[in-house]
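Comments concern the structure below.
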Amino acid sequence: MTSATLAAPTRARTAAWLQNYGVYVAVVALVVFNVVFTENFVSAANFRTQLVQAAPVCIVALGMALVIGTEGIDLSVGSVMSIAAALIPLYLGAGPLVAVLVAVVAGIVSGLFSGVLVAYLGIQPIIATLALLVGGRGLALVVAHGQLVQLHNRDFLALGTGDVLGIPVMVLVAAVVAVLAGLLVQRTTFGRQLVAVGGNRAASTLAGLPVRRVLVGVYVISGALAALAGVLSTARLGASDPNDLGLLMELSAITAVVVGGTPLTGGRVRVLGTVFGALLMQLVHATLIKHNLPDSTAQMVQAAIIVVAVYVARERSSR
Amino acid sequence: MTAVTDPGTSRTTAPVLEVTGVSKRFPGTLALDDVSFALRPGEVHALVGENGAGKSTLIKVLTGVYQPDSGEVRHLGHTVAFRRPAEAQQAGISTIYQEVNLVPLMSIAGNVFLGREPRTRAGLVDWRRMNAEARALLADYGITDDVRRPLHTLGVGAQQMVALARAVSTDAKVVIMDEPTSSLEPREVEKLFEVLARLHAQGIAILYVSHRMDELYRVCDRVTVLRDGRVVHSGPLAELPRLELVSLMLGREIGKIREEGVTAFGEEHEVEREPVLRAEKLRGVRKLRDVSLTIRPGEVLGLAGLLGSGRSETARALVGAFPLDGGTVVVAGKPLKRGRVPAAMRAGVALLAEDRKTDGIIPNLSVRENIALAALPRLSPFGLVSKSKQDRIVRVFMERLRIKASSPDQKVAELSGGNQQKVLLARWLATGPRVLLLDEPTRGIDVGAKAEVQALIDELAREGLGVLLISSELEELVDGADRVLVLSDGAVAEELTGQDITEEKVLAAIARGGHDD
Amino acid sequence: MIALSPRNAAFAGVLQRQGAAVVLVLGVVISWFAFPRFGSADNLRDLALQSSFLAVIALGMTFVIISGGIDLSVGSVYALGGVLAAYGSRYGLVVAILLPLVVCSLIGFVNGVLIARTGMAPFIVTLASLLFARGLLLAITNEGATTYKVDAGSPFLALGQGEILGVGTPVWIALVLFALGGVLLRRTRFGQAVFALGGAEQSAVLMGLPVARTKITLYTLSGGLAGVAGLLTAAYLQSGVTVLGVGTELDAISVVVIGGTLLTGGAGTIVGTLVGVLLRTLIQNVINQVGTLDSNYQTMVSGAFLLVVVVIQRLLARRRS
Amino acid sequence: ACTSREETAAPQAAGSGPAASAASAAPASGGCTLAQTGYPKVDPKTAVIGFSQSEKEANPFRTAETQSIRDEAAKLGIPGDHLLTTNAQSDLNKQISDIKSLLDRGAQLLIVAPLNSDGLQPALDAAKAKKVPVVTIDRKVTSQPCTDYLTFIGSDFVQQGKRAAQEMARVTGGSGKVAILLGSSGNNVTTDRTQGFKDELAKTPGLSVVAEQTGDFDRSKGQSVMEQLIQSHPDLTAVYAENDEMGIGAVNALRTAGKNPGKDVKVVSVDGTRNAVQLIADGSYNAVIESNPRFGPLAFQTLQQFADGQPIPSSIVISDDSYDETNAAQKVGNSY
């Protein structure tokens, strides 16, 4: 065999390795960079802050990853968060549990709505959820009379600020969601069917998979997780702020998913990659703030990082 | 057609297209291993080999779809490195790739002329001329549909003819055809051969891939045999006995290959009286007109007809994958809910679809997952996937069907066409069906695998499965089926049984159906 | 299901293909009678003018979406184009036009190269350039603190504020661009390649189409048109406003889709997009004419409207097939 | 319906505080008069009046602003169908068409809350062509007063920044490290409040700005940014937030980090919303510079004066109050 044929596989292997592990490498690299160049980076409190801030994006992104796995997209997540936020104060009087349940149910209903539009009416995911993105926030504001409401229920606020065994509740919730998502994708028929539907919908239909049910299920999960993220963010904020909560969340979540190596073309879901994608974007954000870069530079740097990360993680055609 | 190449002249004429020492590696496979091969002007050169031997890969290397890892490609004596198919086409190499590669939503005429649309003096696309030219061109290939209709409204076979028309209508010096007849039916195959003869007369070099032996001997001058990515033979075809060619392809001794006839089907089956599936007056939105049929356990029911006669539509309707205006399907006494594939599947009806690329494989899933897909709920207690149960079944079927993959974890997209087909067959067998609807099951499968699949169909019927076999290869129907329904224009035109099932009678029935109305 | 008579089927076909147009005509007729001021020449002229900027952006988006792609960067690029035009206007008309055109096309070009040559998803590439263009805009405006004004006497203003036959120049420019766009899409090989790309990219490659070149051209076109919209806006507003264009990409996408272009690519029309833009403007105008709607309800109504149009279109399409 | 709110969180009614009033007596001469403009005399009490709001009424400032216009119209006995309102939903192009459509629908007087200082020229031109006087409120436009628009009524944002810096110097005792939570990038309010603050702060050498990051006028973004800053600048002693929402976000962040807002780290912001003023009263916040949204009375009064032929100054800067530990408790009712 010639040296060319030997060299090619090595390069291919490096590329394939990067494609699989690039996002972890990037997170580690960024941590190392910060440890060296950022003052006061190495502290428990700081890591805690980063994890807490990444948690809502991470939760939403996990739902988004499932949707993207079916070759869909869910633009409505930010608005669902805002609907959840709007509902919380209305039901907090009946106790935090009721309020949280109501919010999550609202998320499920939103997901059901998008899911039915996509699965049964055959409307493009991007446009079905775009309608909810536009209308959903309006709905939330109508429900809340456009008002920000300060919350005082301690038990509820503890969701945002409390700890369990020294781990912030928000981080714990995100971790549980991640583990469940991982199991769902790898170990359940639903998960495998989801990936198959994303890989080839026509073939999945002919293979007798419950394609519509899978699609609706995926949007319901995404809606529920978005609502959950909305609840947690509201608790952390100490106020229900339907006007601003979750703005542009869809883009952050999609970025986390794609940077984490899940292709937008569906047929594949990388759960751990998504978690690290969210962490990576959080760290980038933190680094830019800590180095006090102006908004202009910050946005351009983020753009560059997204491009590089996705470039490395992209699916290569075998040429 | 006879071999016209004179050995004396062919030595002096430089090859139009030539590769030397080409290797191409994919993750897990060495698809081409030091391949050297030459295509001379004016010859029809057969490229044969088992599924996965590397034929399509070689074609893709020749035409710039893939870059070889080593070795070189020469065109008219000059070393070339086509970086994309466009460059090969500019150099006068026109290719019909294995899977139909056209644009479904675009008009038929648009597809024929895509990239080289006739233009007005102002440089704008001249639609009127384009449609007129396309109409004239396609009429030669027996396609008389409105050329302004989107391509996807044609059946697969007709699409293949469009692709052929497109490839041939460029003034190419070399035409490469990767299994052009696999979705054609006898009449269309004859059309194709007429075209081939014309090209041959014009001195155009043709590289021809097919798994159908008779075709090769009819049209080809020379043959190159690939096995496991290596060239094992290259030479004039007429001198090579058929048996020896097969043995070269399969890499087995001639003695071990029993020549049993063209197909591997056995004797008649023992058929039960009570049908397992009974369809009454199926009426489709598009085509079907009151199709009724029954399938009995242990029986192979053949379905014959012209392109677009409604065979595929019938099969899809039976599994509920096709909207129906009326009709009922009863399986084992229970009527199926219309339009629900899962219900049909639960009742034990499975369809191996015609187009494996769009309706069959899930490309980015592994061989294992593709096989287990339909049986997944059964293999997964409480909706939790059990890998061991999966593996057991996957192993059984990979062995039984001799699926060639580097491992069950290989992506199914990386398999050769024939092996993909076997994976799909395995998918259905894994569900343990009562009725198997096979729409062109041996399309694009090599001789070895084809015999295996045919023997398998036989065996399945013997085990008591009801089988519906759709095939455009008459001998397959004649040898394999216990009963043949001839469809014409969406309706059952004739039913042939027992001794009546001969090629002549089936052809005659098809012809009658086609001309009656 | 009721079988459609051929005549009904043909009608449903028209509805499906021209669903948005039918809604538009109905909307206009109803508004004409319901709101006395709606049909005034001033109002109509203003509707046209107001539609023209988004129309130009949506034109580029139509090409991109037909090719099976998407361009999220247009909103930021639009704003950037406006700022660059206003900045350039102090160096004369030529600079005012060329500067935004070149820079915005360049951003589109880079999008195209990244998409065509690396196989990255258009969604994510253009999402990155959405951020990039906004960042660049902030960088050249001193974090948004500086707003470049166009001098009152500048000939550049005529592009935005001038009128020809009583109709604003931007409207004419948009119409001309749409006409050119229609020819480009329907009557050139490039246009055919765009359709082919959206319908079946792999086939397009194997059929020997210049796929990469087509994609690069597409995104360059989209960026350039967003730049044109930006410069027209700058001429109209007399300044390079920094707060423009947030969410404009979503507006553009929705009008293209309302206009009947398939988001999966491979099918679509330029006229449909024009109808989509007009429909959007009409809805805004109607909401204003009603006048009593709480602003939060307005958002809800826009979302619901988008949904209704898309669902109707989809149902009609299904009936037809 | 069947909801159950938290008892403590009763939504407050907006618009209970004092209306904006002009800071300085209008100069008698040099103002803009009806005669000068050649506009027809239109009595606001009987005219059709158009109001163009810039953003959704989903934050206290906008809610109070719109409410104040409506209340004043009602008070003057203007019939409901004579007050036309539109909302630009933060889209500048939409605001222009909104204003034009108001004119089309017969508005004879216009009150505009501009989305941006620049870019409304076409709308103003349309009003000028129809001889309709325009009063801009809360944000000044960079066009010609008296010719392009009648006058501007509102706060001086630069001044607000300066006053915030003065408060900052006072509450910190003149030394410390300050972080700035900026408003949205590209917004004139952000620019002005930053410039005023920094210019004034430079006069206190003991105070230095260690970080300035955008919080987009949004509470949760303010909170996240502040959380980051607390980690990277543990020695931070003060925060200037360019609106109350971000200030409250900062307070949240400080609390979760175990710090004592208002004491360990001083917090100063601009706006005067109920929540922020209440925090001052509770001792967790240090000062708020008011930005009064209640323009209704002053706007109508100005239009009346113009109709009466009185000269109108080119800009009417209102007097903004300020809240600090000494007055927050009494004045909390004035906040919005």
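The first chain written gets the first letter, and so on, giving A, B, C and D; residue counts start at 1 in each chain.
We adopt the following convention: contacts are C-beta pairs under 8 Å (C-beta built on N, C-alpha and C of every residue); 3 or more make two chains touch, one makes a residue touch a chain.
Note that the coordinates shown come from a computational prediction; the quantities given were computed from them, not determined experimentally.
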Contact-richer chain pair (by C-beta pairs counted) among A-D and B-C: A-D
Chain centre separation (subunit A, subunit D; CA means) in Å: 35
Length of the line joining the C-alpha centres of subunit B and subunit C, rounded to whole Å: 44
Distance from the mean Cα position of subunit D to that of subunit C, given in whole angstrom: 34
Centroid spacing, where centroids are CA-atom means, of subunit B and subunit D in whole angstrom: 72
Overlap residues in subunit C, where contacts from two or more other chains coincide: 137-138, 143, 294-296, 298-299
Multi-chain contact residues (two or more partners), subunit B: none
Multi-partner residues of subunit D (at least 2 other chains): 56-58, 185
Which chain pairs touch, all of them: A-B, A-C, A-D, B-C, C-D
Touch list for subunit B against partner subunit A, complex: 23, 25-27, 66-67, 69-70, 319, 321, 341-342, 344-346, 350-351, 353, 358-365, 369, 373-374, 376-377, 380, 383-385, 427, 431
Contact footprint of subunit A on subunit C as seen in their complex: 70, 114, 118-121, 123-125, 127-132, 134-139, 143, 250, 253-254, 257, 262-264, 294-304, 306-307, 310-311, 314-315, 318
Subunit D-facing residues of subunit C, complex: 37, 40, 42-43, 46-47, 50, 53-54, 137-138, 141, 143-145, 147, 149, 160-161, 233, 236-244, 246-247, 281, 284-285, 288-289, 291, 294-296, 298-299
Residues of subunit D touching subunit A in the complex: 3-9, 11, 56-60, 63, 182, 185, 210-214, 216, 218-221, 223-225, 227-234, 245, 248-249, 252, 256-257, 275
In the complex, subunit A residues that touch subunit D: 38-41, 43, 45-46, 49, 52-53, 89-94, 98, 141, 145-153, 161, 233, 236-239, 241-245, 247, 286, 289-290, 292, 295-296
